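Below: the structure, in structure tokens.
Letters are used for the chains, namely A, B and C, taken in the order the chains are written, and counting of residues starts over at 1 for each.
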Amino acid sequence: MTISLFIPCFVDLMYPKVGISMVNIFEKLGHKVAVPKGPACCGQPAFNSGYWDESRTIATQMLESLKDADVVVIASGSCGAMMKVFYPELFAGTKYEAMARELAPKCFEFSSFLVNKLGVTDLGAKFPHKVTFHDGCHGLRELNNKRPPRELLAKVRGLELVEMTAAETCCGFGGTFSAKFPAISTAMAEVKCASAIDTKAEYIVSCDSSCLMQIQGLADKQRQPAKTIHLAEILAQS
Amino acid sequence: MSERENIFTRIREALTVKAHAHHGATLPTTAEHRAVLPAVGATTAEQVALFTKNASDLRANFQPVTDTAALTAALIALRDAEKWRRVAVHPGALAQPQVAALGVPTLVADGTATKEELGQCDAGITECDALVAQTGSVLVTSRSAGGRALSCLPPHHIVIARRAQVVADLPAAFALLAQKYGGNYPSMISFITGPSRTGDIERILVLGAHGPKQLSIFLLD
Amino acid sequence: MTAPAAQFTLDARRVAPDTRHRGIIQTAMGKYEVVRDQRKLWFQDWQGARNLAARTKFAAVNQLDTHLAEFAKNLEARGTKIHWASNAEQARSIILGILKAKNAKVVVKSKAMTSEEIHLNDAMETAGCEVVESDLGEYIVQLRQEPPYHLVFPAMHLTRGEIQKTFQDKLLDAPTDNPEDLTMVARRVLRQKYIQADVGITGANFAIAETGMISITENEGNARLTAALPKTMITLVGIEKVLPRLADLALFLPMLAVMGTGQALTCYNTLYGGPRQPGEADGPEEYHVVLLDNQRTTLLADAEQRDALGCIRCGACLNVCPIFRNVGGHTYGTVYGGPIGSVITPHLRGLQDWKHLSFASSLCGACTETCPVKIDLHHHLLQNRRNAFAPATGKPSWWQKTAFKLFAPVANSPALWSLTTKLGRFGQIFHGLVKGSALDPAQAWTKTREVAPIAKQSFREWMKERES
């Protein structure tokens, strides 16, 4: 099948390896990957900030660019939730509502696409390290994505997963929140980081580069021994 | 317009816009309640066993007694252990006859005692309306427990119940209340679940915050 | 920035980095989490119970007029005097009127958040009454002249040592810092107050329409005594607290206990249906119930967020909220803190003054996930944000609006995005010179966090190269 892969703005700019890993994984599984010529952003920053009109300017373009897609894979739980869960709310009562509702079931976060749609858990990857997994909030609670990343990690050769106590606690990123309320956001990152470091894992893994940017950003500033990596990068290792 | 009318006008105006019932809008049935609430065994023996376990977890003292003579002996033992000087009792057929044998000054909670006097009693002896197996609760009312203060003011609350008063669960307790009192409910109905407690200081459990430090339940066969 | 927003930012900046505060709250919450989770498993079907609770509250709130009328009628039939208050001022004046008529000198209170809402204690003290909070946590914060820190645990931010010091200073009686000893000090002091009090004031957890009863949930027995000993009893209750049927409590009492404190049932769950009835041994001669609107009907009029009126004030959303756990209960500057407070305060006290609370959230959704009555809390935060900046009715910030307006075409056009990528890479060379300093435009981020660099080749550039 042809997979429309949406690589969100900050992943495109700062974490291209995440997108490249996904392309490689899907092609190895025999699928064709198309990157739609639509917007680089899902419109979530404006939406979360209360500017729904401005968000719709981007989101309508997104709907148009994906209207013929079979499936859409989103390289972030947060942007995935935006397109799958929040577009129907954003467009409720507008002429795009039907399109938003049509798009929703076609959207998948990366790990849930592999496990729930393709039925694949073993990608033959090898990563001989002890890791801990951070559940991004949107993936966890909007998309109910607790299981898939763990099933994928379980099949990685040499990998040992140690759960941290605060796995489901928000890292404090929250988009513009992280800049609007830096003191709170930083405190949350400290709680997260401490919990991850407690596990003595070598890597903190997540499906959301935004969370990892927050965690790594704090760890580097405070010279904490934390290394972050996106799930796709692990799965692409052989 | 009265304030009552003002409030009702605002409510009715507000409700002209209908809300979406995401989880349904009908009131659940008792069967639906029972399907989600904690499970309780069907037989009296299972329910008494569950009550016993719950009472113990709650740090209540639960003691089955075979007859009134055994009950009297148990009360005398408590009197001696705690050196009771004065007790108060609910004027009921089950509770009141028990205090004569105690040989200590007794207040009868029939409306004649003052709150100061009641506050000086070492124990308050009451009956109850039911024992709820599911939660280990004693269901009392102002009619079965000598009013409102008797079951709460003295440091030791003693409940005398009959085995037939054990009910399975909370729905059964509410059904019993409706059936027993119908349109004429007592002015106070209380589910007492263990002795008074607080966790307000560092979330550390302390018994006897304001109410009784001890709760003893005697179950007559 | 409005005054409440400025204060919030200031307090958040002070409390969030305070690791001592963080430790106290984490320890307290840790104990709660363990028992709460055990108790959820005690239910046969906790998620099913949440659905039933949400359904019941929907029925209650969406037919509020019917249930409220039934509640008042049934309660009045048993000799209770019902009072209606549209706002805080009216509620205070009703209660002060009763105190005056009774020539009350000492008032004993059990925990009532509604009384915090209308600043009742100040009014009663100004009127010359001695007012004593009888819930231990409330009593401690009253002695310290602080507002309650949390809906359920008013003194959870204090250590035993701090409480010992408070008792020493205010009561001249604190033998040790042992929680049991400290509790017994309060027990002794408050016993006298119950006996002396002329009037007892309580809040309510539920108002039962079918039978005309107030339901009060507590652990200490303080509400029991408040309702038993004084000659006059007053209950202050929000109009939204109605439940249609007595038997609805079979679900709500254990759910409230599980979420509130992690108990199966709290120690005392008590229903009051009137003053002392003929043949009863004791109880108040007079019972007054004050029904308070105070902008609840404003929230009711918002069909999108009406479910927030179903809140049972269990505090569970506060307990799981990473914002609450890091900024603490006092930073909110509201009676109702945490996620539910952030949702409803704009309705109760004005959106423009209190919108900042809806922005002070990472929208993690832990609140919605835990809420026993399934209030869509974090989505309501999003709706408050939208309403605050709605072009017609809100007050958009011009610079934010402009920024998002300018961003949209850039995001929408592959060519402009590609250009921006290159510009960003160029700009980042200079960012290094000011990074983390006061001159840094991104210092809100860079002061405490390193910034990830823009890659040498972006994903879209990689894709383009690959395709060509």
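Basically, contacts are C-beta pairs under 8 Å (C-beta built on N, C-alpha and C of every residue); 3 or more make two chains touch, one makes a residue touch a chain.
Note that this is a predicted model, so its numbers are computed, not measured.
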**Item:** Minimum number of chain-to-chain contact steps, chain A to chain C
**Value:** 1
**Asked** Which interface, named by its two chains, has the most contact pairs?
**Response** B-C
**Message:** I'd like the most central chain, judged by C-alpha centroids against the all-protein C-alpha centroid.
**Reply:** C
**Item:** Centre-of-Cα separation between chain C and chain A, whole angstrom
**Value:** 32
**Asked** So what's the Cα centroid distance for chain A and chain B, whole Å?
**Response** 52
**Prompt:** If you average the CA atoms of chain B and of chain C, how many Å lie between those two points?
**Reply:** 29
**Message:** Multi-chain contacts only, two chains or more: what residues does chain B have there?
**Reply:** none
**Contacting residues of chain C [partner chain A, same complex]** = 9, 12-13, 16-17, 22, 26, 322-323, 325-327, 359-366, 368-369, 379, 382, 385-389, 391, 394, 396, 400-401, 404-405, 407-409, 411-412, 414, 417, 421, 424, 442, 444-445, 447-455, 457-463
**Request:** Over in the complex, which chain C residues touch chain B? Could you list them?
**Result:** 27-28, 31-32, 42-46, 48-49, 51-52, 54-56, 58-59, 62-65, 68-69, 72, 78, 84-86, 90, 134-137, 140, 153-156, 158-160, 163, 179-180, 182-184, 186-187, 190-191, 194-195, 211, 213, 219-222, 224-225, 227-229, 239, 244-251, 253-254, 261, 263-277, 279-283, 291, 293, 297, 300-301, 303-304, 306-307, 374, 376
**Request:** Using the touch rule from the top, collect the residues of chain A that touch chain C in their complex.
**Result:** 7, 9, 11-20, 23, 35, 37-41, 43, 45-55, 57-58, 61, 89, 137-138, 140-142, 168-170, 172-175, 177-189, 191, 213-214, 216-218, 220-221
**Prompt:** Given the complex with chain C, which residues does chain B contribute to the contact?
**Reply:** 2-4, 6-8, 10-15, 17-28, 30, 32-33, 35-39, 54, 109-111, 113, 115-116, 119, 135-137, 142-143, 146-153, 169-171, 173-175, 177-178, 185-204, 206, 208-212
